[in-house]
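The structure under discussion is supplied below as structure tokens; questions concerning it will follow.
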Amino acid sequence: MIGPLGGCIVGPLLLAAACLLLPSRLARWFALAGGLGVLGCGALLVADFAARPGADFRWLEQHDWSRAFGAAFTFGVDGPAALMLLLAGLTTAIATVAAWQQSDRPRLYHALVLVLLAALAAVFTALDLLLFYVAWEAVLLPMLPLIGLFGGEQRRYAATKFFVYTLAASVMLLAVLLLLWNSQPADGRSVAVPSVVAAAHVDPVHGTLHGLVLQGPAAAPRVHVPRGFDLRHLALQADAFAAVPLFGTTLAVLGLLAVLLACLVKLPAVPLHTWLPHAHVQAPTAVSVLLAGVLLKLGVFGLWRIGLPLFPSAAAAAAPALGALGLAGILWGAWAALGQSDLKRLVAYASVSHLGFCLLGLASGTAAGIAGALVFSFAHGLSSALLFLLVGVLYDRAHHRRADGFGGLARPMPVFAWLLLLGALAGASLPALAVFPGEFLVLTASFTAAAPFPAFAAAATLSGILSAAYLLWTVKRVAYGPLRHGEQAAFGDCDGRERAALLPVAVLLVVFGLWPKPLVDAVRPACELLAALLQGRSA
Amino acid sequence: MPEFGPDAPTGYLLVAALLFATGVFAAISRRNAIGVLIGIELMLNAAALQFAAYGRFAKSAADPQGQTAAVFVIVVAAAEAAVALALLFAVYRRTRDIDLEQNRELRS
Amino acid sequence: MSAGTTSVLLLALPAAAAVLCACLRSARAAHAVAAAAMLVATLLAVPMAVEVVGSGAVVVGPHATWLDLGRFTLGVGTMVDPTGAVLAAIVALLATVVLVFNAWYMHDEPLAARFPWQFCLFAAAMQGVVLADNLFLLFCCWELVGLGSYLLIGFWFDRPAAADDAGYQARKGSGARGVLEHRLSPSHAQWKAFVMNRVGDAGFLVGIGALLAVSLQTGAEGDVLSFARLAALPTADLSAASLFGLSGESLLVLAALGLFCGAVGKSAQFPLLGWLPDAMQGPTTASSILHAATMVAAGVFLVARCLPLFPPDALAVVGWLGAFTCLFAASIACVQWDLKAVLAWSTVSQLGLMFAGLGAGAAAGGGEAAVAHLFTHAFAKCLLFLCAGAVIHGCHGHQDLARLGGLWRRMPVTAAFALAAVLALGGAPWFAGFVSKDAILAAALAAAKVPGGPGFGPFLLACAGSLLTAVYLLRWWLRIFAGRERQLEVTQAAHDPPRAVLAVLVLLVPATMAAPWTFGDWLPLPHGPEHATATTVALVLLALGSAIALVVWLLAPRAGRDLAAQLARVLRPLHTACAELWGVERAFDLLFTRGLGRGLAAVVARLDLGGERRLAALELDGAPRPLPASLDGVVDGLARGCADVGRAGALLHGGRVGVYLAIALGALALAVLVGWSA
Amino acid sequence: MTLPAPLAALPAPELALCVGLGAILLADLVPALVARRVAPWLGLAACAAAGVCLAVAPGDGAGMFAVDAIGRLARGLILALLALQLLAAAGDRRPARDVGVLAAALVALALGAGVTAAASHALPLWLGLELVALSSYALVACGGGDRRAAEAGMKFVLFGGVASAAMLFGLGHLYGATGSLDFASIGSGLAAASAAAVAPALLLAAAGIAYKLALVPLHGYAPDVYQGAPPLAVAAVSTLPKVAAAAALVRALQFVVPPAVAAPAALAAGLALVAATSLLFASFTALVQRCARRILAFSGIGHGAAVVLAAACAPQRAAVAAIAFYLLAYTAANTGALVCLALLERGPRGSDLAALAGSGRRRPWVAALLCLFVASLAGVPPLAGFLGKWGVLRLAFADLGAPALLAAAFAFVAATAIAAWSYLLIVRAVLFAGDSGPTDPREAAPLPVPLPTAVVLLLCAAATCGLGLWLDGFTAFAAVGP
Amino acid sequence: MIALVSFAASAALAVVGALLAASVRNLLHAALLLGVSLFGTAGLYLFLGQPWLACVQVVVYIGGILVLILFATLFSSDITGSGQRAPRALWFAALGTALTTALAAWRLVRGGVEALAARRGGEPVVPPAVGSTDAIGDLLLGAWFAPFFLAGVLLTVALVAAVAIVQRHRRPEVEAEHA
């Protein structure tokens, strides 16, 4: 029987089939239903984790796949995954509303969005490495036509670059996956359970850990881990992976490198980011929303789910380099954004800059930093969605996106201008808006982490200047000053459909800006557990 | 040089080797498809000769497998030649030429 | 009602008013609601201030944990100490006054309905800064103060740049050199203000980070950013704290300097002072509150609040920079012809003076003195701006000191109020400034005598600044109100504001007097041995300054006289430098806006994706694409490299069977040979 | 059920195909039957009978045919593919007269492939390969072929003749060195002192298999043939012979190398070298092709190489399962892709990428299916091609102490990434190009897809989608007994 | 001695004929020289004591294939050979490949001879038994029936294929398209 998490994957897929087979006017409703369904699951989960904080996996669900290979359709959600699931559903719903009037092949469009949603939900809920990888790559399948079919003039270039770049970066994951499997003894392996893990995950009723029977004394428990792909089981064997020699180094190091390559391109981290501006500029508005809102979070989530837990010692060793990459992303993205004239490209570079904070937080290896990175990625999903939607509003009216082609729109479009200001301020991480808590957490965590992170944090504070500079400058160029193009006086303000997409995002930005506690509480125990594991490895 | 004589395998095999190499040369250097076909026939002929020679000197007594295999080679060579010539004819009918340099429409 | 509850109400009332006013379409109603809310806040704040000042104790208000991060928490809560209580009351009072004034001032402004909610947001944020019980909440409110200023400065968001604005060109101050008019517009000023503040805030964040690092390394837990905990930090054992080879003490200096950096941005100290004069692009009423109690005061307040955290080294920096700014800004104020610009630079100068006082340190009584000057300055500057607003309103927006004059006949009440404010700021005896400014000079003098302190530099600079203060203030008043009317078409319609408005303004006048501040010695001002010296020095400087102003004013109309001409010739380079703002504006523009900002951004963007030509050619299949040195170009180059490899491979597939056969047979033969030898 | 003695020399499934072939050829002489296009259905009947035979009694000839897992799996796959091809042929719109020849050639192709896949003796192996080759030539150039088809056929036959001759030359030496052409004798001869003579001869003899798998350096013909031949012929020529050759390779290795032991390092390294070279060469060269079918040809080269990589890793049950799965995934996707191309192409150079522009508008479903198949070929999860790759890579990464195999495995992974780009060229051309251009009103309504063709596409699509997560397929294939 | 000379003559006939067939320009001559080479090979078969094979060689190869080829040379637009050479680079590649192949083949031959000797274990080579055709027949209808059968199928398929390939085009529209 399929549980709610399986439903988050199967449901959208069924709806996608329905989109394709039933009349086209129903398609958008299906897409909206899919988005809202996943949104509901995510919201319930986040609420649950906020109310009962814990590092455990909830709504666990397992279906047989292959006993011979130790693979199973295992779904489960911890706090961060719940957050991402919520974001995926929310962004899909918003993007669907934004594309409500999709006139070009609406059935195909909405079906693809639903397939994308299913793949994303699978990534966020998978607890099996093979399943995770399958879902991770499957995300590309709908994304390619979404950009390549529905995009702008250079959509083919953008779609090709996106697809090839991200696929090439993540194929090595496959090698890692198999090396991990092959390095496990066929009859399993007995490993000691770290006390923090035991404290967080042992099921006291059955005396089991992730379904494995505890052995040995209660003070130093051991479990016998069978060979397979279960991520929880693989994480228990992290030390063993770090001891497998491979090509003059260890499996853990090579594994981390492969995961990093895959995740840093998705994230994207400078200098692996150049597919992003093309993809964003060419993608239609709603797809940009999805791209920035959820797809980039795959990088964060991949590091969270695979990179850090499976290779903690290597990750601890790589932390300064990762932090430096994050910092490079923050600053490079910000300056690049400052130099853009295309509004979408500007927002895309703002994303590059912002996601640098996520990388910095994850690299810091502290609970606050990791939590900050996760909350930040959630909030960035909202703020970038808002900005992309607003650029879309402009594009729908003016059919171009050049910043210098606008001016003084606050007069004819006051609501638009206010929302643009809100989005810009959120992007500039103004307190009381949702991006701020995450950014502040990342900064404070980095300040309090081991050297060189305080220096990174100090340099990262420049982002506050730069983000304010480029985002508010954008507001100024677009909305303020005298009306520069007379015909734009006739632009109508955001209509009801646009407001339906924009206002929920804006409201959530404010709500989670003032009250981020549920988000942080939902992710914190899991982050603390991971941080404890990382600290234990680096010590 | 008894080992190159009619009662030793080496001579036959050497002839086969030379025939094969000559066939290779013809197959590569010929511009006309029939020339290539001639090269192929030479190579097949070499193979048949080789089978026969090995069969003759296989053990202390002659092994019929060698000869029989050689017959198969000849038969298959005939079949292949027939089909090949049919194809050449088909090409000729369409382009009035079986010059391989002229028939290079399929290329990267 | 306890002070704690009141403090929450003081925050909540303006915030609620902001939300409510944002929903109101009618300007009149919005102003009424906002003013009422602020009035209630004032009525609540004043008794609270009285109570807290009377007891002298710090009252801790409600506190809640905003985020629990395990190792430490981030809280939201209020606390009220005497300084905060008084400042909160002043903010509320001035806000009320300005709102009432604005209702008249903007009576024919179509966008007027926007003003109250932005203003209330501004006030609420400032109350948050004042009443926050921890540095984190203070920082949040600090940023929101920045937002409030952003909104108010950009109130007339659709005005063109000054260079393109005929009205501005007609009414601006003459000889406004040093101002980049092609940039100057409300929308640019608001951007500039926000970004420059952000520059300071980056330092602020570093300061918070350093404090956090030190606190956590010394084993602190819980709400480590609360002021109570922070105040104990310098006396704690810092031996466990070190970072990058810096000791705990050094880290504290770093933290203090970081906080001060934030204050420099917010309080427009050198070098982050360019935004404040530009902020004049906002409504004058906004300026009146921004310059008095809400925005720029926050910086001084922050340093005063965190003064226990400031080690002597940091204090020296504060003192020197403050005193330098005091003189620097005063020198500029002396040569401004825009009536608001004078006041703006005056604010910068006075804030510098306050920092000079803070730099003297708590031991020398600098903290109290600076806070006292903050209070007195708030009233005087608010009043000055409102008077200026009345003048501008009366003169149809004209603000050129060269064209105004003799207005005392047409608006006597305004002239009188302005004179009171001028005297208060200038530090005339029996006026408020006399109390606070002398205290600052005394503190600076006292600090100068402490070995290892900042030395006499700040004191001397502050003295010079004081001298110039008297000069420019008196010049300002004289050129507006005294003498004959220079251009009748500018001034003929001027008149005093209506009685109702005057009735509100008059509330501010008593505060320009010394009496309320010295009554009962409620304001803890230092009375050290240096006070007498300082008072003497101040009086001499005041007299000298007034004399200079009067002489120049008297001589100016008769410029043909030799003395004036010679003076003008001698002082010409100095005058030019001052009028050009000592080049600081142009330097900033060159270095940051054009250099590190747009210039570097263009370079980065070019290095990232390549130029527009490349971007335009991306989709053209088959056509050779320009491959510039850019990150994206490298990616394309890799792709092209792969394709080139493929092209080389494809050379073998030219459709020649002979080639195919040669490859196949040659490779086979070679493999046989190699396999044989292997 | 026993067959009379001489006939029992052939395995029953192949015998059934022989009967079917005869029936088709006879039916081709009766105009009434020709007009009714019965040939494909006759072939299907034979195919079904052969399938039954394979399931019930795979049978062995007089020592010339082996009964083993790879043989069963490969022949099962060959029969399934034959059924698909015959269905596609039934749906093809060519004149009725050509259908008979087409069906006969297909059955003969499958017959040859089956013989090759089952042979444990070099002579039937070679004859099987020859039968495959001759029927392939017929498929490529028969009937309505145009000038390009004829050119393709000519190149095919010339190249095939040389490859066949080289193989024979090697076989001759093998015979000389071991005194027999039986795999078992060759294996024992290799184990004996005559290894030095046998190994190079074996290499030369392997040319025939390498040529069918289109491995570098014997790949030259493939792109030209794929480009010039009719798409349905390509679908047959690119799948059936590969399956047969892969089975022959695995079996040959099984005899050469003792079972249950990994291949000796030198042999494994040699195979890995061939595989890696082919994979990289194919993936790079495919990037610059301007013709969809040429891209598929280079893809075929790479996929053949992947099979070799799997064979190099471990001649054991797992390898058999991985190869079988890989071939299943590849042939399903490749057949589907070529059938789609057959529906989408227009005009003599219809498979050029430029000519395919706008296909997505004309035939959205077919174009979408083409993209699905191509994605599977690229190995994008969750499609069958992914799991095929997964199975091969699992073996290649199994031995952390074998640098050659590991290097080849990494080359495979890298080639996958590069090849994905070349597949994307097809997707771009079909879906994204000419997407917004005006459609020629004459072409607005393409003919409906014939039912048998639609069935073929659906079956291929079902396999492509359905196998993508069937991990237990490896276990199931490994459990297939002799 | 006569045997040796005539053996050498046969071998020379085969090799020289082949070399000339591969290198003369005139295609007709090449085909005829192929026949010469094939005759030489047939002679070698006789020396191998395999007269039946020699007969097959003459009948099938020379009688069938060569005639076909000769017939086919008539397709060629230019049998006399001007421009019958491949591009110069390819010609050199052919030469190199052929020499490498010859070297490789020679090594194979040496290995084969050694293996033969090893397998004979020093026993002398016995002259071929008369009537080896019996053994061939036994083999073909016995152990090698399957290949025999397959060869039959193969010939049938080849026949059908050849006919199918040369079939006249009956789709004028296609013809027109490519004209």
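Worth pointing out:
For clarity, chains are labelled A, B, C, D and E in written order, and residue numbers in each chain start from 1.
Rule of thumb we're sticking to: contacts are C-beta pairs under 8 Å (C-beta built on N, C-alpha and C of every residue); 3 or more make two chains touch, one makes a residue touch a chain.
As the structure is a prediction and not an experimental result, all values here were calculated from the model.
In terms of the stated touch criterion, the partners common to chain A and chain D are C, listed by label.
Of all chains in the assembly, those touching chain A and also chain E are C, D.
The most central chain, judged by the distance from its Cα centroid to the centroid of all protein Cα atoms shown, is A.
Taking the CA centroid of chain D as reference, the farthest chain centroid is that of C. Taking the mean Cα position of each chain as its centre, C sits at the greatest distance from chain B. Contact analysis places B-E first among chain pairs (by count of C-beta pairs in contact). Separating the centre of chain B from that of chain E, both taken as means of CA atoms, is a distance of 4 Å. Distance between chain C and chain D, defined via averaged C-alpha coordinates, is recorded as 76 Å. In this assembly, the C-alpha centroid of chain A lies 37 Å from the C-alpha centroid of chain C.
Centre-to-centre separation between chain C and chain E, using Cα means, comes to 98 Å. Of all residues in chain A, those that touch two or more other chains are 156, 164. Residue positions of chain B touching 2 or more other chains: 9, 13, 16, 20, 23-24, 27-31, 36-37, 39, 48, 53-55, 58-59, 65, 72, 76, 79-80, 83, 87-88, 90, 93-94, 98, 100-101, 103, 105-108. Among the residues of chain C, those in touch with two or more other chains are 639, 650, 653, 655-659, 661-662, 665-666, 668, 672, 676.
Shown are all chain pairs that touch, namely A-C, A-D, B-C, B-D, B-E, C-D, C-E, D-E. Remark: chain B residues 9, 13, 16, 20, 23-24, 27, 33, 36-37, 39-40, 43-44, 46-48, 50-51, 53-55, 58-59, 63, 65-66, 69, 72-73, 76, 79-80, 83-84, 87-88, 90-91, 93-95, 98, 103, 105-108 touch chain D in the complex.
Here chain C touches chain B in the complex through residues 650-651, 653-658, 661-662, 665, going by the rule given at the top. Residue ranges of chain C in contact with chain D, taken from their complex: 639, 642-643, 645-647, 649-650, 652-653, 655, 657, 659-661, 663-668, 671-672, 675-676, 678. Across the complex, chain D is touched by residues 104-105, 107-109, 111-112, 114-116, 118-119, 141-147, 149-151, 153-154, 156-158, 160-161, 164-165, 167, 169-171, 174, 177-178 of chain E. Of all residues in chain A, those touching chain C in their complex are 153-154, 156-157, 161, 164-165, 270-271, 273-275, 277-278, 332, 335-340, 345, 349, 367-368, 371, 408, 410-411, 425, 428, 430-432, 436-437, 440-441, 443-448, 451-452, 454-455, 457-458, 461-462, 464-465, 468-470, 472-473, 476, 479-483, 516-517, 520-521, 524, 528.
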